[in-house]
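Structure record follows, encoded as structure tokens.
Chain IDs A, B, C, D, E, F, G and H follow the sequence of writing; residue 1 opens each chain.
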Amino acid sequence: MQQSERRIPQIGIVMGSDRDLPHMEKAARFLRNLDIPFEMTALSAYRCPDRVREYGLSALGRGFEVVIAASGGTNELACLIASYTTLPVIGVPLRTDEGEASVSRELAALLSTLETPAGIPVATVGFNAVINAACLAVQILGVKDKRVRARLEEYRESRRAEETEKARRVEEAAREHHV
Amino acid sequence: MQQSERRIPQIGIVMGSDRDLPHMEKAARFLRNLDIPFEMTALSAYRCPDRVREYGLSALGRGFEVVIAASGGTNELACLIASYTTLPVIGVPLRTDEGEASVSRELAALLSTLETPAGIPVATVGFNAVINAACLAVQILGVKDKRVRARLEEYRESRRAEETEKARRVEEAAREHHV
Amino acid sequence: MQQSERRIPQIGIVMGSDRDLPHMEKAARFLRNLDIPFEMTALSAYRCPDRVREYGLSALGRGFEVVIAASGGTNELACLIASYTTLPVIGVPLRTDEGEASVSRELAALLSTLETPAGIPVATVGFNAVINAACLAVQILGVKDKRVRARLEEYRESRRAEETEKARRVEEAAREHHV
Amino acid sequence: MQQSERRIPQIGIVMGSDRDLPHMEKAARFLRNLDIPFEMTALSAYRCPDRVREYGLSALGRGFEVVIAASGGTNELACLIASYTTLPVIGVPLRTDEGEASVSRELAALLSTLETPAGIPVATVGFNAVINAACLAVQILGVKDKRVRARLEEYRESRRAEETEKARRVEEAAREHHV
Amino acid sequence: MQQSERRIPQIGIVMGSDRDLPHMEKAARFLRNLDIPFEMTALSAYRCPDRVREYGLSALGRGFEVVIAASGGTNELACLIASYTTLPVIGVPLRTDEGEASVSRELAALLSTLETPAGIPVATVGFNAVINAACLAVQILGVKDKRVRARLEEYRESRRAEETEKARRVEEAAREHHV
Amino acid sequence: MQQSERRIPQIGIVMGSDRDLPHMEKAARFLRNLDIPFEMTALSAYRCPDRVREYGLSALGRGFEVVIAASGGTNELACLIASYTTLPVIGVPLRTDEGEASVSRELAALLSTLETPAGIPVATVGFNAVINAACLAVQILGVKDKRVRARLEEYRESRRAEETEKARRVEEAAREHHV
Amino acid sequence: MQQSERRIPQIGIVMGSDRDLPHMEKAARFLRNLDIPFEMTALSAYRCPDRVREYGLSALGRGFEVVIAASGGTNELACLIASYTTLPVIGVPLRTDEGEASVSRELAALLSTLETPAGIPVATVGFNAVINAACLAVQILGVKDKRVRARLEEYRESRRAEETEKARRVEEAAREHHV
Amino acid sequence: MQQSERRIPQIGIVMGSDRDLPHMEKAARFLRNLDIPFEMTALSAYRCPDRVREYGLSALGRGFEVVIAASGGTNELACLIASYTTLPVIGVPLRTDEGEASVSRELAALLSTLETPAGIPVATVGFNAVINAACLAVQILGVKDKRVRARLEEYRESRRAEETEKARRVEEAAREHHV
């Protein structure tokens, strides 16, 4: 990793609450492994709407290329930031707190991230899919930077090798232990 | 109706788009019948977030006692206004445009209005339930003004009379025409 | 808190069963913190419909300004009270008993609270959203009493400070521990 | 049909609104065909709760053996009557008004009829299943009256003959017209 | 309880598997408390369709007045028995095995019990609502036997007394412990 | 096509009602195009359970290799036949009658076909997917008969050619008419 | 069982990940009990699409008669294999990892297996229904091999005997312990 | 618009069928208005998997920066292309053919686009949200090209002006015609 890349974070990650940190750490690890500089903070869309507004308005000026917004409630965070910037915004619907999990909360998170008005898209990934949010952000950076794309190709290759190993384990289990 | 009441609108009605006007006209008629002064406008939460912000911040100063926010997409409009004011905000999930109706859009509208973070409530009514939104707004005004409550009691009484008439029609149909 | 306020409860809280008490205690704490006098009881809508009827008919006379009705089954409690009073009624769909949680029960609670007939609104909040039910009740009281609204503004301000602290924690975690 | 049976209606049919009459006419026709005396009226559970109460309390005294309650909103009508009588109550969730049909309204009607508290059962039939509501009512009368059961057996037999005819039509279509 | 009543079971209870016994024991206890003679067995609708057929065909001859059919999968058991008898059949959708609980399985159980063809009704009660299945069966027996109805009235009265006690507990908790 | 193949139908198609014929004609056409002999009839699972039983018990003896069962209600037809034969049974959930379409009916059809007990599988295809039911039946026949498989390969090849043509049309539209 | 049968696996089982092995072992045991030779491997549809392609293209040549494809995400595995072969492909939607279970993931697995384009059927079984996937595969082999069908009949017979035993246990529990 | 930009399409649009063209024309118009060169074709993921593979493998070499994949069934098209390229892939779940619209088909399209395995993200937009798919694609291009971002800002500004006009219309309607 080059120092210079480090200094200007290319990806801004915001989450609805510090309780979402365990989820978002997985995204952070993914980005570090691919050597992508990023920044993380917490923002509550409806409790502090003005801070969300400032975040959205300043995102471009701070050098971000992409924003990832994750939230366990209805994902107004992603949508509100998207309404203040023309940077691509990736939304991740999360299950924040297992004890209060409910069908209505899950669907609210999922659908409210997807169903934005025409002209204000949010690139939505699956429920809790923080790795895919980070991966998509890197693929978007790859549009500009060929070295980033090369790192992604390496990552994919290593995943394929893992898959071959998984196949070997299953085949062996079937043969040796007669499953 | 007294002129003086008219001059300061007690209820602010906002809708996501001018396409929602046919729905909201029913609410408007309800309010006029009960002689409640109100004001209506259209606001797109994510296309013009700063106008929504101004609306929320100025609602109290303009004399509103309650705000009704209706939207056919995810109802960030109600939530965003609620985040800028401590006035009670009533949210109505709408089906804006029949031709594009979908299950995911309906559930998104419904659940995103309901599932706001703790401390930022939105008083949600049923899908397309614009009469109930207006009626709830008037019931809230009744907390302050006994004459309003009296008018609501009259309205309820008239509805009960209509119901008695409906019952008579059904009973007659069953008897005379042997259904 | 002034004694005089205490004596006449402004908010009536009813729940479907004493099993709902742990949920409703959170609402009670919220109201005490904001110094709002209230009363609580349990009522089973369909097992004791006449007691619900009496509750609804007497609510205004007892000095209530708002009623909060919470129930873990279909929320006929909120609707039935609403049919006997023109006070604003807030409905909270609850998950009463974790061991019997089911999708149909959750949707039944949610949708039966929302889908009341025109003219009988129930101000519905999210699933298990007892804090928001209490907060909405206080916002409605604020329509009449400026001191209540001032307390709400303070509450919001304190929440915003908490959010800033959360953001600081997340940013620090990202920096110091390299997430 | 004997006159004496006619005079005391054995089944009470209530519907939420006179708009439900086209649906309930099918049930009425079914009962007339099997020569079962019945009575029909309209009752709005939440607009006229006291009339619903009286209906429930007087049902036994009026000679009803079974009550059928049909409603297009949340089916509090069936539940509320069930809470005032120990007669069997059959609930039919209806779609009243096609123009306002919505998923949330359909699920609300269905689930609110089913999910009653323990001790207050409502015998629920499928969405819009008015024939089955009437048929179930007659099957319940058959518990007491063997002649009613015999008529049901005849009805079933005639349906079976119709089914054989349907099969013949399909088989012929496949053979002659090569489908 | 009279011996003679005991000898001829009035209610036949069938369940899809012996794993459903813990659920159905609650129904059995309810019936014993009201002194209603019944019989229980297990039948797998699709594994032993001929035994289900025999059960349905012989139900009337064995003296049953009502059949309760409970099943954790799709409730073909209730429907298939209903297709072989004109006795009223009550269907209870169950969650058999917590470890394999899924949304699709719950909805399959619920909807397949409700959605029977016209002329073959199944009186459906809520998910896992075994008490209501038993209670509904007794209400149907009450159509024929006034003493049974009297016992149901006593049962309801005792439930109302319990509810009053619950209310007292909640009110006390609110007062004494300041909730 | 050889005459001898024609005489013994290899596929038995049953539908719940003659109203399903327009749907099933598409399956019939598919089979004729691939020159597969079949037979069609209508059977109402719960109205004529004994005819369904006979169908299931005789299916093997009549020379069927596969059975396709289609139904617009809950698909007990497929399941019940499957319980009487060890032939592969393909289930197609249908929407029979557009005017009464409902979410609960669609999910009931879909889930009741899928959720059969262990040991009684039904090979389920998508909602209204009659072509796929027929195609799957032919693929199963192909396990035994190489000529059938060859015809399937030809069919696939012709579909691929159609797809290439579709692509050409879209590309042309984009180029010439500037979309 | 003949040795020669053993050597050429008749059923190919693929799963999305080695984490699915505990589920698929149940299918494997079922096949061993009925003495059907099979092979198992793991394939990630989107991580290694070319290996899935090769699997589909070579399935016929390797002697498979049926393929079972199981996956915990969207079941593109079954569909993609089905697009490369005219062998019957059975799809099993799985819940892979309990900790991340969600409604959207369950419905995605279920519906994406069912909803394939016309001409590319996947024989879908219920959620987690691995026994039924294996059983259906054997029923398909039975189309070609009468001895396999005979073994299936024996298996069914033994299941029926188990059901009779279950019924006995329930009846005894009801009698002796008075439930 | 510069000619040179025109020659190398920056966005590849694929749709599942030529029936999707009316939907995708809206996306095409959006791109032309912002002067973004693109290419369109139709690909059936499961009918022609090898053509999808080639499309994915060649996308980078043909100069695409982003791919938009739209499909009315389960959106394997987006996922499969995403598995063959590290370019960002945007998925649009569509309702292709109104006549066969169903809840299961809508949810299948939506959820199968979202729920891809970790490492293979698809940037999903709402149901039928073709404008947002195009807009997101342009926002991604804006990461590389400042002039594109400037055009997006202009577009947003013009939308805001339209919104102001809508608000004016609603306010006028409320004032002049007294709604």
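For the reader, a short list of remarks on this structure follows.
Keep in mind that, in the parts below, contacts are C-beta pairs under 8 Å (C-beta built on N, C-alpha and C of every residue); 3 or more make two chains touch, one makes a residue touch a chain.
All values derive from a computational prediction rather than experimental measurement.
The chain with its Cα centroid farthest from the Cα centroid of chain E is H. Measuring from the averaged C-alpha position of chain A to that of chain G gives a distance of 34 Å. Taking each chain's centre as the mean of its C-alpha atoms, chain C lies 49 Å from chain G.
The residues of chain D that reach two or more other chains are 44, 47, 103-105, 107, 110, 114-116, 119-120, 126-127, 156, 159, listed in rising order.
Pairs of chains in mutual contact: A-B, A-C, A-G, A-H, B-C, B-D, B-H, C-D, C-E, D-E, D-F, E-F, E-G, F-G, F-H, G-H.
For chain A in complex with chain C, the residues that touch the partner chain are 15, 17-18, 21, 24-25, 28-29, 32, 39-44, 47-48, 51, 100, 102-105. Interface residues of chain F facing chain G in the complex, by the touch rule stated above, are 65-66, 86-88, 90, 110, 114-116, 118-127, 129, 131-133, 135-136, 139-144, 149, 152-153, 155-156, 159. Of all residues in chain B, only 16, 44-47, 49-50, 53, 73-74, 76, 79-80, 82-84, 104-105, 107-109, 111-112, 114-117, 119-120 touch chain A in the complex they form. On the chain F side of its complex with chain H, the touching residues are 95, 103, 106-107, 110, 126-128, 156, 159-160, 163-164, 166-167, 169-171, 173-174, 178-179.
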